[in-house]
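Submitted below is the structure of interest, expressed as structure tokens.
A, B, C, D and E are the chain letters, set down in written order, and residue numbers restart from 1 in every chain.
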Amino acid sequence: MITSTTLVYLIALPLAGSAILLLAGRRSDKWGHLLATALSASSFFVGLYQLSLMLGRSNSERPITQKLFEWISVGSFKIDASLMLDQLSICFVLLITGVGTLIHIYSISYMSHDPDRRRFFAFLNLFIAAMLLLVLGDSYLNLYVGWEGVGLASYLLIGFWNQKPAYATASKKAFVMNRIGDMGLSFAIMIAFATMGTVSFSGVKEAVDHTSTAALTGIGLMLLVAATGKSAQFPLQAWLGDAMAGPTPVSALIHAATMVTAGVYLITRSNFIFDAAPTAQLLVVIIGAITLMFGALIGTAKDDIKKALAASTMSQIGYMILGAGLGPVGYAFAIMHLLTHGFFKAGMFLGAGSVMHGMNDEVNMRKYGALRKFMPITFATFGLGYLAILGVPPFAGFYSKDMIIETAFNSGGAKGIILGCVTLLGAGITAFYMTRVMILTFTGKSRWDDEAHPHESPWLMWLPMAILAIGSVTSGYLLSHGDALVNWLSPLFEHHGEHEELLSPMVVSGLALAMVAIGVAIAFVKYSRNEVASVAPTDVSIFTTIARQDLLQDRFNEAVFMQPGQALTAVLVKTDEAVIDGAVRGVGRVALGSGSALRGVQTGFVRSYAALILLGAVALVAAIWVVTQ
Amino acid sequence: MTFNAPVLNYTLLSPILILLGGALLGVLVEAFVSKAMRAVTQLSLTVGTLVLSLAQVWRIHNEQSMSAAMGSVIIDGPGVLLQASILIISIISVFLIADTDHFTALAAALPGSEEERHSLESGNQVTEVYPLTLFAISGMMLFPIASDLITLFVALEMLSLPLYLMAGLSRRRRLASQEAALKYFLLGAFSSAFFLFGMAYLYGYSASVTYAGIRESIVGGSGNDVLLLIGMAFLTIGLLFKVGAVPFHAWSPDVYQGAPTPITGFMAAATKVAAFGAMLRIYYTVFANAQWSWSPLLSLIAIVTMLFGSLVAISQRDVKRMLAYSSIAHAGFLLAGVIALNKAGLEASIFYLFAYGVATVGAFAVVTLVRDSSGEVTDLNRWKGLGKRSPWVAISFAGFLLAFAGIPLTSGFIGKFSIFSAAYESGAKGLVIAGVLSSAIAAFFYIRVIVLMFFTDPSQDGTSVQLPSILTRATLIISMAVTVVLGVYPAPLLNLISHFSTFIR
Amino acid sequence: MIDLAIQVGQTAKPEATLFWILAPLSVAAALGMLLVKKAVHSAILMAFVMISLAIFYIAQGAPFLGIVQVVVYTGAVMMLFLFILMLVGVDSSDSLVETIKGLRPIAITAAVGFGGLMISLLGRATLGRGAVGVEAANADGNVQGIANLLFSTYVWPFEVVSALLITAALGSMVLAHHHRIQTKPTQRELSIQRFRSGSLANAAGLPAPGVFARHNAVDVPALLPDGTAAAASVNASLKARGDVLNSSSFELGNVDTSVEEEK
Amino acid sequence: MNWLTLLMALPLLGSVVVAGLPKGNEKLVKQVALASTLIVMGATIAMAVSFQRDNVELQFVEKYSWIPSFGINYALGVDGLALVLILMSTILAPVVVLAGWNESHGGRWSVKVFYILILVLETMMIGVFAATDVFLFYVIFEAMLIPVYFLIGGYGTGERSAAAVKFLIYSLFGGLLMLASIIALYVMSGAQGGHTFDLAALSQLQMSSMTQNLLFLGFFIAFAIKAPLWPLHTWLPDAADSATPGTSVLLLGVLDKVGTFGMIRYCLTLFPEASKTFTPMILVLALISIIYGAILAIGQRDLKRLIAFTSISHFGFITLGIFAMTSQGYSGAALYMFNHGFSTAALFLVGGWMISRRGSSTISDFGGLQRITPVMAWMFFLAGMSSLALPGMSSFVSEFLVLVGTFTRYPVHAIIATFGIVLAALYILIPVQKALHGPTTPGNENLSDLNLREKIAIAPVIAIIVVLGFYPAPLLNVINPAATHVIAQLGFSDPVPTSGGK
Amino acid sequence: MNAANYLYLSALLFTIGAVGVVVRRNAIVVFMCIELMLNAANLSFVTFSRINGDLNGQVIAFFTMVVAACEVVVGLAIIVTIYRSRRSASIDDASLLKR
């Protein structure tokens, strides 16, 4: 592989920004945000530069590496701190730095009133750096560093307004659930090292051939656990909704466009493992399918605009995971959906932020309505994103999502049919809840309070939205035109031959559009024709109630993990004091007690002392008597 | 019948003879020196005698003789070492005895009587304690080098009688002091009756009263062992009584508490050296070949003694009683050295005896300093905050306690280590385990005292620390220095001991 | 009779007779020591045991010891005991009720156990050599033999014992000797003091107690010329004890002169 | 040059100087103490530079006869592990002195005594790692207790004397068990060619497996108390609760390392067979410690106790790594010891500042500190991140090495241990949330942020944590040869990847 | 008669003396019981002297008498002292020091 000396700048620039801002403290309040934005942008340009270099090389020479230093070396466990940029990572690099930079720009304005804006930018830069490390690391352990790094950044940003206890709790929840996923990644690395003796991507790829399927399945499952944690997939999905506590640009960048897609990256990156471990791969698909439905269902009931979008994100990532689980044919489509999703979901989040910005940070859609007039640009960009997510041609989602649905149908047998139906149904539900969001927010009558003075956001905010909207419109076409992305990525994935086509692309598109139309129609009927209550009605069906409660995910966690955990903790704390320490104290007390009891021998009477001596003598004589028997 | 004129080697006997001479001079001083001059004369006479005796011990330290006194004594390395230890401990004890405040002004006066008050006011002193001490020391010096049963018995009485008397001479709490004397005397006499009875059986068994004769009978005797065993058992009772081993220990807490503190310190330290010295010689030379018979029982006694002393000490509230129980526990440790029955055990025991003895005198020296208007304060609760009141005294007491506990860098640790390793070497693993266990228990109460002194606030109850007199200070400094030096660099002493510690027989 | 393992020489018949008479008596006396209430009785019984032992010593070829036992032990030591008993109160007697809980059963068990075990053990003991008898050793005379040992082999402990004796003397002096705090007044000082006291009434000494025909003792005051009793003529301590008799009962007029008939 | 003796002598010299200073001048006392510790640190670094890292033999060896009649020598020497731990101790010492500048004021005795105790302790800390004579090691091992005892009991807070006593009794008990084992070794050495306490010579002793097992237990229990391993841990929370932060740093950061160091240096070296025999049980104890410590930490309401329990969890990891018997496990454990020293130091020092400012150590008494005292809050956060082994912090490297090293031989154990990292997230983030986040609770409004001295004190600690997180090679290079050596001596080699691939 | 009968007698007397120490309360009687024990020992010495055919036993017995005399002097002095202080010769009364 070609070695490079410039890869490190991708990471170093934002990392430096973060360090400077944090260390300089309040002194950098005035210019910190600008520096951070500039560094993020420059990282983007480095990425573009790398892309241009890569484009100039032949397919097989495109991946490049840079070894920074020997990181850990103990026995055969040798990990270099080295970076690798290949066709897959460059996509992520550009997405991260590109969208990241836009969000930096957006935040300059969005966070302008926050006294801690500098800190916010420091965290954003930290996130960019960590995320870049995640996608650039050349081994699972390097990836792990970035993996936890983005977790940290996510934690810091979710809890950016941690003076609100609920937000602080949300950030903690995110971190802990991510850690559970991280544990999976740890296991995967350990198994890899134990079985293959290496944890670098290239090393593992080479070793796959002579590694047992059991081990590979183990690694695959553990990677999946990691992916579910980071990408908010079932069953570790619960943190994402709460993560909306963070400032909206964070939701856009981290919890929509980039970090949550790390799971998809991980699975795609580990394609060689999943390809060799069908069981794991199947489970990936199942998880993806469950989550896409799960998220979609939650999305239908949420009144909080950000939570609705978050549920949507969960669902969309479900698509990606599903796609990635479909094997070589699916990887590229998963990545494509990831990229297009990055655009339109980020755009919509920024739109939501813009709405909140104009509505005194109100997030309840039932308190919105008729905002189209007041926020035309926001409406327009949001609307474009909406069309993209629905998969309306020719918007971006159409290309990427349909590909996944199609691949699902074509994955063969009953599995194909089930998956195809699920994805189709998901598309319909997506259409329903997104339409609901549109209607509740932008159309109908205004339901906001008197204090609200909705207004359009300043240009610094709508410019990024606009750029992202353009992306949501065009990216699908650009990436799929001539199978651009598929071909770009194909050297990374091994093809095992084509499945027979169950349904032709046209049929799939037709079905999908039909589902979307149904979804939209139902939403129209339900929300546009009827008056929307500004307070959520309580006399709703049990399904709605459950959906509102995120399908009882928190209750489940509460009942199955937290309460027993807390009970166990309480019991152990008591046990430690009463039993373990009690045993120690008991030993002391026994000693003390026997000491006091033995004191009784010392009666103070000479005669009893003499009796003691006499008894001693009797005992000795008795012993002699026995011995000489 | 022809009479063989006795031949005594006066040079070898001179350490004891000097002491006896000094004691007799002391008696004369009582008779002829004016009251005012008596105390100082007696003190200088006593110290001079002791130093002279020590010098004499040094002069003969390379000598070995079985016939120094017609076979009644053996002069050999261990004997000389033990004698030197006794003398050194005695010297620093005498420094404590020199403090007039510990002894009654007139032993014959009734407690609380007019006569007592008069004597106190007139500054009367029982200066007889000096010759009595010297007599006791001569007994102690003779005890470990005796080589026949008669001399052993006489030495035993010689060291005991003065101690019985002196235990009753306390200035304060005289009733308790007299009670201590009575108890010590009655039980001491009781145990020496056993001792004597045992002697009778040994004599009957071996037809000899000398160590050598008894050993020969054990090695090659005809007849069964019944008489030997009874004799050994009863002789051991007498010895175990003196060292304070369970169940023959009961006198020691009461006597330690009741006796004047300097005497307690002297008795606790020097008697132990003498008694263990004798015991070592008897068991290492005379009974060595009957090890099978006494080793298990003595081990049992040692284990019970260690554990009993340590356990009971935990719940003591009086510092002197606590030290008494601690000394019982230490008797158990020392018995391990006897049981070891190897050269290492002998060396270890001698080292331990010296180190422990010096530290004990030091600890009791501290006890003499803590007082209120009515004399010494031995209630531990009133030792609270001593570290605040007078840090140096408290630190040195803590040092002695740490030595008793066997914390490294104190002499106690080296002693404990060497004695346990000797016991282990002889296969007495149970002893080592019991020793370790009781050390852990013992640590608890030593530390409790340290906590009291350093970590609790002093209560305002008139307890104060007397400014030590020069002599008491000397005792403290010497014993502290010995304790620390032997903990940090014991090599010279250990070498010395190892060079000398072979019993001749 | 217990089978004797120690095969020692048979003693002559007279000694056996002596033994079987004296031994039970001495054991009984020793037991009596424990059982009698009065300490002084114990002492007498003790003296009996000691004398019995002295006889046994003599019987066993230790005449010197036997004599010493009588002279020193029974004569001096036991007298010392009795002397102290007098000091402490010759009447003093113990109640034999045990006050320390549990001690009596322990004592009895210990006694039976100890005695039984000892006797049983002695029954088992063998010496593996014959009894020699002390006759050979006493060939030159018992006293000479002991002296020979005492002044050659055991000269060192003998010397040391002298120190022990000094210790004992010194010790008992420490405990018993009262220092005179003020010098004792001489006769001269006393008479000067008498004359210098407030009145001259006592200058000639105190009046003697009364002398009566039927009673002549210190507990009756003398009569003054006026017939009243002279208070100073009886000892104050007698008065304090209430042991003073009234002299009037001895006055002639009050004397009952009637003669009682012998019964 | 007698480096090690010099290192040991310097703080002792410092304490003598401190003792000789005039009574009233507390500032001077502190300055002298700080200077002494800094000089020692400098000397240690100078020594470390001249350490030959590829040499597996002991280096800087010194040997003088001490008590010849028992074959006891004053023998010193370091391998990579010992060097690293000495380095840690001597770096922590000035940090503690500087960080706890005012810790000595609330004490029972004068400021001077505090620093004398600290300096004496530093001498012993160096000695205990450098000793190669078992007797010398034991002497220092036990003697160390005394200064710590007085530091806790004299300068601590709350139930300080009870805690000090508990600490001492526990440790003494363990020490005595070890003494029994040492005696047995000594006696056996006498029977097999002459009394000695030389570690290398003792490791050659022949003994029955029963004996070996018993002696191993004697040593191991002592070290397990020190380390502390469940269920012998209950002294630690009390001690940490009562001690001053500085003392706690030395106690948990350095003294407790003697336990794990001892397991490596003595248990493994002297009783290789018994170590193997007991490995399954010890691994279980280690696992229990990891999980139990973490859960208990989660359940604590008191900041200091919480930190103490996190340490119990961490010591579980160290023990796990040691007994995994792989080079990764060993190196990881060794590195963990070093890293734990600093991350605990950071936690305790910052926690201590928080507590002394607030006057309470109950976590719920804090709140919103991030707004009021941002620097302090950040330092606490960073320390916490180090404690939960966030990648990029030094502790991650060591923890991961331990896990990987364990996994290759004991996969199930490693999996269970890994659950500890989730619990770690909880036990760190809960106090972070309660103390740093949320609204400002009453009583916290006027807390002051870190001053310059405190910043200077904590900076090197944080710097070491971060730098070593990214570049642990300097330490690993020193540790690795020793690790390979020890593992090989025990007759182990790293498990070969099952697929044989590379 | 066997000379060893003296040994039985001696053992019996010794036992009686020892028990006397335990059961009697008067200090002087207790002390006398101890003297009885010493005497019993002496009887053994004399008997063994006879059995062994040497005079060593008699010499020991002689020493014992001397030593016992010294002991009596000291002991009685102590008893008298304590009697004077307490007006009681009961050793049970002397139990200030205990536990």
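Quick note on the criterion: a residue touches a chain if its C-beta (ideal position, glycine included) is under 8 Å from a C-beta of that chain, and two chains touch if they have at least 3 such contacts.
The chain lineup, named per UniProt: A, B, C, D, E = Unannotated protein.
Note that the structure is predicted; figures quoted are calculated from it, not measured.
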Graph distance between chain C and chain E, where chains that touch are linked: 1
Those chains which touch chain B and also touch chain A: C, D, E
Chain nearest the overall C-alpha centroid of the shown protein atoms: D
Label of the chain whose CA centroid is most distant from the centroid of chain B: A
Most widely separated chain from chain C, with each centre as the mean of CA atoms: A
By count of C-beta pairs in contact, the leading pair of chains: C-E
Whole-Å gap separating chain C and chain D, where each centre is the average of the chain's CA atoms: 76
CA centroid of chain A to CA centroid of chain D, Å: 36
Averaged-CA centre spacing for the pair chain E and chain B, given as whole angstrom: 25
Mean-CA-position distance for chain D and chain B (Å): 44
Residues of chain D engaged with two or more neighbouring chains: 169
Junction residues of chain C, two or more chains touched: 100, 103, 106-107, 110, 114, 118, 121-122, 124, 127, 145, 154, 157, 161, 164, 167-168, 171, 175-176
Multi-partner residues of chain E (at least 2 other chains): 7, 14, 17-19, 21-23, 25, 30-31, 47, 49, 51-54, 56, 59, 63, 67, 70-71, 74, 77-79, 81, 91-92, 94-98
Interchain pairs in contact, sorted by label: A-B, A-C, A-D, A-E, B-C, B-D, B-E, C-E
Residue ranges of chain A touching chain E (in the complex, touch as defined): 599-600, 602-607, 610-611, 614, 617
Residue numbers on chain E that touch chain B, as the complex places them: 7, 10, 14, 17-18, 21, 27, 30-31, 34, 37-38, 40-41, 44-45, 47-49, 51-54, 56-57, 59-60, 63-64, 67, 70-71, 74-75, 77-79, 81-82, 84-86, 91, 94-98
Chain B residues within the chain C interface of the complex: 1, 3-6, 8, 13, 20, 23-24, 27, 30, 69-73, 106-109, 115, 118-119, 122, 124, 126, 128, 131-132, 135, 138, 142, 148, 150-151, 154-155, 157-158, 161-162, 164-165, 168-169, 204-205, 207, 221-224, 226-227, 230
Sites on chain B touched by chain D in the complex: 347, 387-388, 391, 402, 405, 407-409, 413-414, 416-418, 420-421, 424-425, 429, 432-433, 436-437, 439-440, 443-444, 447-448, 451, 454-456, 489-491, 494-495, 497-498
Partner chain B, residues of chain C touching it in the complex: 5, 118, 121-122, 124-129, 139-140, 144-145, 148, 151-157, 160-161, 163-164, 166-168, 170-171, 173-179, 181
